[in-house]
Structures are given as C-alpha cells and as structure tokens.
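Please go over the structures that come below.
Consider the two complexes below, in which chain A is the common component and chain B and chain C are the respective partners.
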Partner chain A sequence: MPGDPARIFTRLSRVSPSVIEDVRREFGLDRPLFVQFFDYIGDTLSGSLGISYQFARPVSEVIAEAVWPTVLLLGVATIGSTAIGLVIGIYGGWNRGSRTDTSSLGFALITYAMPEFWLGMLLLLLFAVTLGLFPTSFMSTPGLEGASAFARSTDILNHLFLPALTLILALLGEYALIMRSSVMEVMNEDYVLTARAKGMREALVLRRHVVPNALLPVVTLAALNIGFIVSGAITVETVFSWPGLGQLTFDAINANDYPLLQGLFLLFSAAVIVANLAADLLLGVLDPRIGRT
Partner chain B sequence: MSSELLGVRAVKRQRRRRAVIESWRVYRRNLLGMIGLVILVFFVAIALLADVIVPKERLSVTGATGEAFAPPSAGYPLGTDELGRSILDLVIQGSQISLTVGFIATIISMVIGSLIGIAAGYFEGWTGAVLLRLTDWFLVIPFLPLAIVLASLLTPSLLVIAFVIGITTWPGTARLVRAQVLSVKQRPYVERARALGAGDAQIISRHILPNVFPLIFANTVLVVAIAILTETTLSFLGLGDPFSVSWGTMLEFAFEAGSISLGAWWYLVPPGVAIVLVVLAFTMCGYALDEVLDPRLRSR
Partner chain C sequence: MKRLSMVLVAGCLLLALVPAGLAGAQDGGGDEPVVFRIGSVNDLDSLNPFKAVEAPSYELFELQYSLLVGFSQKDLSPTPSLAESWETSEGGLTWTYHLNPEAQWHDGEPVTSEDVKYTYERIIEEEQGLFIDYLRQVETIEAPDPETLVITTKEPSVQMLSIWVPILPKHIWENVPEDETTSFKNDPTIGSGPFQAVEWRRGQFLRLKVNPDFYRGAPEVDEIIFQFYDNPDTMVQAFKQGEVDYIYGLPTRLFQSLDGEEGVETLSSPAPGFTELGMNTYEPTPEAIDKYGAPKTSEGHPALLDTRVRQAINWAIDEAELTDKILLGEGEVGSTLVPPALAKYHLELDESQVMGFDIDRSKELLAEAGYKDTDGNGVVDKGGEDLELRLFARSESTDTVDAARYIQSWLEEAGISVSTEAVSDNKLTDDIYSAEYDLFIWGYGSDPDPDFILSVLTCSQFMYWSDTFWCDEDYQSMYEEQKTQLDLDQRADTIKEMQAIAYQASPYVILFYDNSLEAYRTDKWTGWTRQPEGTGSVLFNFGPYTYENLEPVSAEGGAAAGGTSTGGSSPALLIVGVIALFIVGSGVVAFMRKGSREDRA
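Here is the complex of A and B:
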C-alpha cells in the first residue's frame, strides 16, 4: 500500500518516531488490519466516516461541502444530455437511414470513443484560453462575494458552461443510440400497425404510441448510467478545477487520503443503488405491465 | 460425398474452415468493419515496430534534443513536450503500452467473465444464483471509483493497471455469456450427450464452450475498446505506471505541465486522436462481428 498515512501526515516537519507512533495510534493504524476493518464498519454504521488525512477534518464535513457543485454540474449535464440525446434518437429511429440519422450515428460513435476529459481539455483550450470566452477554472470568480445575487449566479453559469457542455457531449451519444434502437423496436409492434391502420396521423402515432413505449428502456439505462456519469465527473471536474466530489477524489488519490476515498466510494455506490431503486420504482409506475406481475 | 471418406476430425476441420470463410465473406461486405480493421492493423503494426521506428533513447528525459513546448516544425512534425521530446515519438512509443495494457486487461476480463458466465448459466441452484448476484453486484458498483480504489492501494505498474481494469470490466461479459449458456443448455444435443453419460466438464468443454465462443469473441473486441479508454482515464488520474509512456500518461503529463494555458494544442491533440481512432476502430469491428454472428441484425 503506497503512502504510510502517518508519514504523509508528518511529511513537512521533521518529527521523532514517537510522534509518528502517536499519530498512528490516534488514527487506529497501529492495530491489526482486520481490527481496523471492523472499526471501519462499526464507525460507518454509527454515521462516522473518519478523519481525512489531508484536511485533518471529518470526512463527512469535507464531502458535504463538495456535494452541491457536483449535483449542480451533473444535474445540468444529465438533463441536457438526455433531452438532446432523446430527440436525436427519436428522430433517427423514426427516419432511419436519413442523412441526419447517419451523421448523428457517427457523432454518437465518436463521442463514445472519446475520453471525456480530453474533450474537456480541447474545449478549455479553444474557448477559454484561445478565444477567452469563458473562465478557465473554478466555480466562481474570487472577490465577487459581495456582489448582487444576479451577478453571482451569472458568474456561476459562466463557469458552469464548459464543464457542463463537455459532459453533455460525452453522454448524449449513448442516449441517442439507445433511444434510436428502442424506437426502431417499438415501430415493429402490432399496436403501431393498428394505430396506422385506423388512419392515425404519423406525428400522432409517434407521439402517442411509439415514444412513450420506447422511453421505458431508457429509464433503466439512465439509472445504470449514474455510475458512468460519476466517473466522467471525476476527470472533467479535475480538468476544470470544479470544486466538487470529482476534484476531491482526484486530490484524495494523489494524497493517499484513504478515509476520504472510502467515504467518496461509499457515497458513489449509494448514489448508484438509490438511482437503480428509483428507476425500478418509476418503471413500475410508467409501465403497468410490470406492476401487476 | 467426399466427406464420407474423411475422418471425423477432418470433417470437423473442414466445416470449421468453411464457417470461417463464410464469416469473412459477410464481414468483408461491412464497410465500417473493414475501415475499423484497417485502422487496427495500422496501429498494431506501429506498436510492433515502435522500437524500430523510435529508438528508446530518443525518449530519455535527459537526452532530449528539442526546445521545450516547440510547435510543430520540420524536425518535430508534431512539436515537442515540456522536456523537448518529440510528440510524434511519444505517440508511437505510447501505442505499445496502451495496446498491451488494453489486450492484457481484456484477456483477464474475458477469462473471468466467461468462466463466471458459463458457471452461472450452467449450474442451477445456489451456485448459479450466488454467481449471478456477484455479477450484478459488480455491475452496479460504479466501476471507475472501484478501479481507482484498487489502483491506489497497489503499487502502480502495467500489470496492476491491466489487472484492475480486468477485474472491473468482466460483469457485462458474464451476463451476456450466461444468457447464451441458458439457451444452449436446453438444446437436444446437450441432452443427448448427458444421456450418453457425459459429465459436466465434458458437456461444457465439448458443447457449451464452442457454442458461446463466437459471442465471447465478438464481445472481446468491444471490451478492448473499454479497456483502452479505462487505461487512459486511470493514467490521467495519475494511477498509471509512471515509468512507461502510454497515451493516457501523455495526456496526464500534458495537463500537469500546463499545456492548456500555454496553448500547446500539439501536445494534447495527437494522443487523444490516437485513442479515439483505436477505440472507434475496435467498436466498429465489434459491431461488424455482431452482425456476422447474428443474421437478424444484417438487414439493419
């Protein structure tokens, strides 16, 4: 295991071995590993995530400060990418083989092949550094604390634009692909044929029969995707110095801050499980066929 | 019928050869698949010849000849990095590490995924149920954070990175293989083999495995793409092997050295383009293989 925590903690000062021993004892690191493991389980169950080596503060406090920037960024990115991705997917599936369809398919494949942080670095280089249209880092401009609420929110939006755009571009391809194949599948169903046979207008067939049914698998995908979005957030936040959980993860890795990493991992896993549960419950409401069995 | 004169083994071999030729015929008609294949052959050739094209000394930190952060010029077609090394040299050498890690990780992932998938599908009762739950558990856990935790606990090296990627990417394969095994298991020839007294090992190796193998193969190609992307991300986060140059570590060095604020696009663009091309090529080949193996997809 690289990085003895007690050494990291006392790295900058010349300390005697007895001090290092004290630090070890304070963090419970002198005890056998399996005892430490049960300590961790017990502490976690009683709501304590331990002390961050890096910040010397409770992990829960450090995480709590970084939650909202991430929720803001991921919320905007998720809404943006699903909305745009669904529209592209519906259009592509409905007009299969059209020029828009093939080009959006190619676009989706390319964004899938792209490391999202690389896309972020390119956007940053182009729009922030070369053209100077957006700020290069952080979530707000320092020294703006006393400004009006309006000035502060536009400042945040200005900072939010590039990282959110990066994540939206990185994520929308997958939604478009899934929605496209889902629409194509539903179009072969008997009830779509029936709707057409009774003379329903095409636009209405699409809106009433195809889209609602095609959306169902996308709900499951969106939930499974939370894990992927979290991964994207880690690197994209690092590129844009966005003060959220992703940047915190990056710092925790580099500082070998194990308690903080454990806490973040617990939070990410919990978020994925909650999202999956929510998707399952939502599917039961949206699709009466599932609720009945 | 000339095949009557041949032994069982020769007939088998002939049938297999004919199947391969037929698959290749279908594959060749797939334009995207062929483009992907050409790109892959190109990059694999570069990776194999990397040491010939670019002698290792040219990458030494102290022996760098160029100026730091020089834009593309005649001597350095893609410019130089923060130490004055040629970016083109780095990208060529990086192909070796990126592809090697990708392939090793994929082999680990496929072996684990196939074994667990076959066992979970073949064995009913609690063995299958436990393996299925295990797969689901790994599938749901956000895999990058898991990979990060694993990678940060171990001392970084190429094998460790490959191992971490392998251990976090197998569940998708396992689900896929399990579903196929469940269907193969019901077929009459499996029942016949069992009636003739074949044991589990015999049935799995003689009947189940050959039937799920094409699926495993097509999936492998897609997993390589994921593995290479994951290697890039882990290296970018500083979890890669610090002593070898991959496309991911190049991006990390470019980022850490401040090439964004210096406007050094020539440092950022080439490794990224190489990653995109390789991943795209693997994905296109994977889809083309899917089409070869699943006739229902061909009309699309």
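Here is the complex of A and C:
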C-alpha cells in the first residue's frame, strides 16, 4: 500500500519517531493486518467508519454530504435514460427496420459508445460555451447561499442539466437495445398472435400484451446498472466538478485516504445489493407469475 | 372530451411559464454584492499558515493577514503594512517598528505589538519550519507599548524588512496548545487583512468577505470566491463564459488559445520561480531521524546518492527543448537556483560550467559510477540490477506531465529505465516526506528576497521545505553567512557561490523559469495592478494590491460581475416545464383514450 497514514497525520510537524509510533498505536496501525481487519469489521458493525485522513472528519459525515448530489444526478439520469431508452426500444422493436428505428437506435448506440468524459466535454462546449445556456461546473453557484429557496433550486437545476444530459445520453443506448430485442422476442409469442387474432387493435396489443412482458429484463438491467453508474459518474462528476461520490472517490484515491475509500466501497456494494433486492421485489409486482409462487 | 384536454394542456402551459417569469423578475434586484471570482485547478491545502504549502493558501494568507512590513507594488521594496514606519539603530542590531493604531482584527479586537511578538516568539520557540528561517537571527522581541515593537538581532541582518510571516491574533492562538499548532483547523479564520475567509468547501470553493474596517480603507469588492476546478479545460470554458473573472496556472497551450478573446487580457509575466526535477538524496542518519524527524529508511534508489549519477541525469536533460516545447516560449531556460527575476542574486553560468544536453557525456558519468549495460538490454546495470527509477509528475499540472514524458525518453536513451506516474500534490507531498520516491517534477516560487529559495536546499529544512533531503555543509554554512552580510555585493557573491555548489551537486535540475500565466476579464473589471510595476503579475504576487484596486467597469458591469450566470434566463426551468407539460398532457390524453377504448374492447 502506498503512503504511510501515520506520516500523513504528522505531516509538516517535525515530530520525533516516538510521536509517529504514538500515532500508529492510536490508529491501531502497529497491529498485525488480520487484527486490523477484525478491528475494521467490529468498528463498521458498531457504526463507525473511521476518520478520513484528508478531511480529518468522520468518514460517515464526509460521505453523507456527497450522497445527495450523486443521488440527484443519478436519479435524474436513470429516470431520463430509461424513459427515453424504453420509448426508442419499444418503437424500434414494434416497427423494426423503419427509418425512425434505424436512426434513433443508431444515435443511441453512438452516444452509448462514446467515453462519458468526452461526451461531457462536447456537450459543455456546445451548451455552455457556444450557446451560453448553462453553467459549466459545480452543483450551484458559489456564494448564492443567501438567495431565496426558489432561486437556489433554479440554480441547481441549471447546473444539473449538462451532467444529467451526459449520463442520459451515455446510458440510454443500453436500455433502447435491450427493450428493442425484448419487444421483438415477445412479439413472436403465441399470446400476441392470439390477441391479434381476436381483432384487438395494434396499439392495444402493444400496450397490454407486449410492453408489460418485454419490460421485465429491463428492470433487472436497471438495477444491475446502479453499480456501474457510480463508476461512470466518477468521470462525469470530474468533468463538471459535481460534488458527489464520484468526485469524492477520485480525491480519496489521489490522497491515499484509505478509510474514506473503504467507506465508499462499502456504500457502493450496499447500493448494488439493495438495488438488486428492489429489482426482485419490483419484478414480483410487475410479473404476477412471480408474485404468486 | 377533446376540448377538456385542450383546456388542461393550456393550464399546464401557464403553470410552467409562471415560475420562469418569476425567476426573470427576481434577477433585477440592484443590491447584489460585488463578487470577484477566481478560477483555480489547485485547491488550498489548509487554512492554517503553519501547515499550508500550496500557492492558493498563500494567496489567501495575503488577503486574510497582514505582514509586519509589506512589499511595495512598484518595485517590491519595503513598504508600510501593519508597521507604519520603522528605524534601525547604528550597527543594525536593534529594529524599532511603529504599528498602525487603526489596525484591528476581524473580530474587532485591536492589533497590538503583543500580537506580533507572540507570533514571532511562537515560531521561534516551536521551531516552526515553514517560517523559522525568517527569524533565526532574532535575539529578543519586546513590546514596550501597544504600538511599538523592538527586535534585537544576534548579528546584523539583511532580513528584517522582508519577513514573510502572517501576523496572527494572540487572543486566538494562545488557546491552541503547542502539539496542535499544525493540526489546528483555524476556522473561523481571524486575521487583520482586507478580506476574511468565511467558508471553505474542499474541492469546490473558498469564499471571502470584505473587511469593512480595514486600516487602509475597505476595497470596492464585497466578496472574493475562489472556485476549484478538476480540469483546466473546463475552467477555461467557464472563464470564456464569464463564470469566473480571473484564471491562472493554465497549461501554456490553453493560455495561448485565449489570445485575442474579446474583453479578455492575457498576461505572461516573468515570475520569481521555477519548475525543477528533484531527486531523492536521502541517507538516513541518527541526526536526521532524531533532530528533524526524518524517516528511518529511504525508499529512494541508492544510485541517486552518487553525485555522478545525478549529473548524468542533468546531462541527459535538454532544458532548452523543454522550455520551447512545454512553455512554448512563455519562460526562460532553467539553470541555477535563484531565478533571473532576482537579477542581483541570480548566477549566470559560464558556457564551460553548463551541464547541457549530451547523452554520451551522461553515459560516461554513469559508467564512472559503475553503471554499464552488461547484459545488452539497453538499460545500465550494476551488480546485476538494472537502473530503474520512478518519476512522479503532478496531476494538477499537465505541463509537468508533458515534461515527464520528454525526460523519460531522454533518460532511457542514456540507459536509465524510467516509470512515470502522475500523482496529486497531496500524495506527492506524502511520498516526499516518507522518502518514498526517486524523481519528481514540481515548482517553487521565490520571495523577493533570495533567502527563502536558498533555504529549501538546506539540511535544517528537512521535513519542511526540503524535498530532496540534500544536505551539504559548505552550502549550509554559507546560507547562514549570507543572512548577516549587510554589504549586498558581498552577499550576492556568497549566494552565487552557493548556487554553483548546488548546480554541481544537482539535487535539482532546474528545468525552466516559467512565466506566471494569467487571463482576466477587462470588460468587467478595472484596477488590475501589476507588481512589480510594468513587469509583474496581477495576482499571486506579494501584496493584495489588485484586490484593493479592483472596481466593476460600470454600474451595469457591476451587476453583471455580481450576478454572473445565475441571473438572466433559466433554460433548465423551461425544459423541466416542457417535460412536465408533456408528461401531464400525454397522461391526460392516454387516460381519456383508455376510457373511450374500454367501452369498445
């Protein structure tokens, strides 16, 4: 492991080796690694994630501050990308090969294939610099603390637009593709043929029989994605200086801030597990076959 | 049914537009504070003067605190700051300073000579390394009355008017125990300067408020905000957009891209600083470990302890090419420790002394030190081990990353295998203090007086400013001697000799003296003040002159400068409105259709 935590704490104070030993003892760094590991588990179970080296504050506090910006950004991005992705996918699957299908799917795949930070830079150049519509960075304008709640939320919305759009564009290709193939698959099912045979209108066949069944794999995908989105948000948050978990991770890696990194990884793992659980429960609601067994 | 849906849609449309209209109305307010915004890719490292080493922290201290004696805007000569006047006794051992009676701390307490005495004595007693070299010659400090300070020195000293030590409030700091001097958060930050730091969010921004009772008169600017960007490209775009009024520390290529931009001035000015390749020359000794608290072991490559290897590295680096390719001409080719901006003390090397660019000479020196390529793999070796070095560049400065790439390829030509890594300043600082490095690229800014920049290579700066662990007895004793040489020509001779020693020993290879690169908006602000007059930079120099002189261009300009991009239209709100409208509208339509279909199906 690079970097000596005891050194980080005693930096720029000319201390004798005995003081450094004291710091080691205080943080338990002098004990064998496996003992430290069990210390860590014990502390975590009792709700303490340790002290961040970099901020000199409890890790849980530092993370709590960065959670909401990320939840806001990822929430908007997930809702936006699934909504648009589903529309493109449903339309494409239903009208496979049409001009709208090929062009919208092509667009979604191109933005999906772009590295997020590059896409972010391009959007920033277009919307912030050329058109001058949106601010380039941060979550709010520094120094606006005294303004009214309404002005502040408008300000946050303005700042949210570009990073959220970047993530939406980057993510929607996946949803569009999965939904499209899922719709095409369901269209070959017997119950769709039956529905058509009894003379149901096409639009109703799509809404009642195709979409609900085709939706199931997308729910699973959205849940699985949450883990990956956090890493994707690292680059997007860095481009737009968005003060969320991605930027915090980036800083923690740069600063050898191990307690903070441990806390973040714990949170990311928990998020993936919770999202998967939520997906399983949601599937039960969406698919009565699962709910009943 | 159709008519009903139309009514609903129209209603939604209205609802969406009303808040947007309100937003527009609110921005017209005229009482906005005048806010000056600075963009930086480099964050502060601390609000505590005993801990901070990064440039933005020093810029903050410039605004937040006062020095006893300042540096004039015209030519950096001593100028009144906290002290209005001063005199020295015959023989130069006793200095008497008369303090400005108007000066007060941000919390309203008066600034007295006791505060100055307290600050200096604390540094001396605790041997606070970042400042101790300004005060080593001090014998006694007395405060006979609140406005008078008397300092006697052990020997005559050239330094008594260039002490770069922020004066701290005694009534705050006397409550900070000695073992917490460097870990004290210093928040809220009480000083006596023209501005006070009120809010610092690491990685985001630092906000300062004007000190209305400042003893030289309150500046026009009400607030200064430093905004920290993760990425210089974004910062330049934000500057073009008008989100910040001033940016500095740009990669040269981005700086030059701003040339000719409307309403913007770009300024490239020679700065008293340099960028260097530093080498780990640490050899643990009991003295270094016990007295200076240096690490018990060195993780540096032992080859770097050999002067010949360091010289070989110096010979393998083409400083002129780097200046040309990286600085694109915005600076001078590097050579000796004191930058040419300090003309009197800078050592200009003879042609014969210069370690230029000569790979063959480099290979010869490596061979003399016992490093030869015996196994024919292109890398020199000794005792069966290839010579492999790590080179750290700063992720916060792309110029150093580019320079590292050139240096790596030259060293590999000479037969030294190099692995380059870009790391954060924080990590690099920690690696240096733990002696876990071989080579790194970083920079230094000098004071107007050469004492500081000379001190960074002294043994007594181990674990403070020293980043090479280089320690040379001759250099050290000459360093102490030059502090007392009142004959400035003699002092210059000593200092030049010191530079020659350091150049030969090569703990540093000074790559270039980089100009300070700044870009600022002249369409919004006037009062940009260069220090020294006509040649220097406007900010990040040795006094808060620009901050005190800045004025918005006009009443309207002021509003524009204050409001920046928060005002005006709110396109995001409009978009949210349109989306909400779409969702509600389609929901209504779907509901109605459903109703009508259900009947038929």
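Keep in mind that, in the parts below, the second predicted complex is superposed on the first by the 283 of 293 C-alpha atoms of A that agree within 3 Å, B and C clash if a C-alpha of one lies under 4 Å from a C-alpha of the other, contacts with A are read in each partner's own complex, and residues count from 1 in each chain.
Going forward, a contact is a pair of C-beta atoms (placed from the backbone, for glycine too) under 8 Å apart; a residue touches a chain by one contact, two chains touch by 3 or more.
Just so you know, these numbers come straight off a predicted model, no measurement behind them.
Bringing the complexes onto one copy of chain A puts chain B in a clash with chain C. Of the two partner chains, chain B and chain C are each touched by A:V239. Looking at the shared chain after the overlay, A:S46 reaches neither chain B nor chain C. In the superposed model, A:L160 makes contact with chain C only, not with chain B.
Touch counts on chain A: comparing chain C and chain B, the chain ahead is C. Legend: residue contacts after superposition of the two complexes on their common chain; A:A151 is shown touching chain C, with no touch to chain B. After overlaying the two complexes on the shared chain, residue contacts for A:N188 are found with neither chain B nor chain C.
After overlaying the two complexes on the shared chain, residue contacts for A:A255 are found with chain C alone; chain B is out of touch. In the superposition on chain A, contact of A:I226 is made with chain B only, not with chain C. With both structures placed on the common chain, the touch criterion links A:A56 to chain C but leaves chain B unconnected.
In the overlay built on the shared chain, the residue A:T141 is in contact with chain C alone; chain B does not reach it.
Clashing C-alpha atoms between chain B and chain C appear in just one of the listed stretches 37-45, 127-135 or 253-261, and that stretch is 253-261. Taken together, the two complexes place residues 2, 121, 124-125, 129, 136, 238-239, 250, 254, 256 of chain A in contact with chain B and also with chain C. Of all residues in chain A, those touching chain C in their complex are 2-4, 7-8, 10-17, 19-20, 54-56, 121, 124-125, 128-129, 132-138, 141-144, 147-148, 150-151, 154-155, 157-158, 160-161, 200-201, 204, 238-241, 243, 247, 250-251, 254-256. Chain A contributes residues 1-2, 109-110, 112-115, 117-118, 121-122, 124-125, 129-130, 136, 184, 224, 226-228, 230-231, 234-235, 238-239, 249-250, 253-254, 256, 261-262, 264-265, 268-269, 271-273, 276 to its touches with chain B in the complex. Here chain B touches chain A in the complex through residues 140-146, 148-149, 152-156, 225, 229, 232-233, 236-239, 248, 251, 254-255, 260-261, 263, 265, 268-269, 272, 275-277, 279-280, 283-284, 300, going by the rule given at the top.
The touching residues of chain C, counted against chain A in their complex, run 19, 22-23, 26, 35, 37, 50-51, 53, 127, 129-130, 181-183, 185, 201-205, 207, 223, 225, 227-231, 233-235, 237-238, 240-241, 243, 289-290, 292-293, 295-296, 395, 423-424, 426-427, 429-431, 433-434, 436, 463-464, 564-566, 570-573, 575-576, 597, 601.
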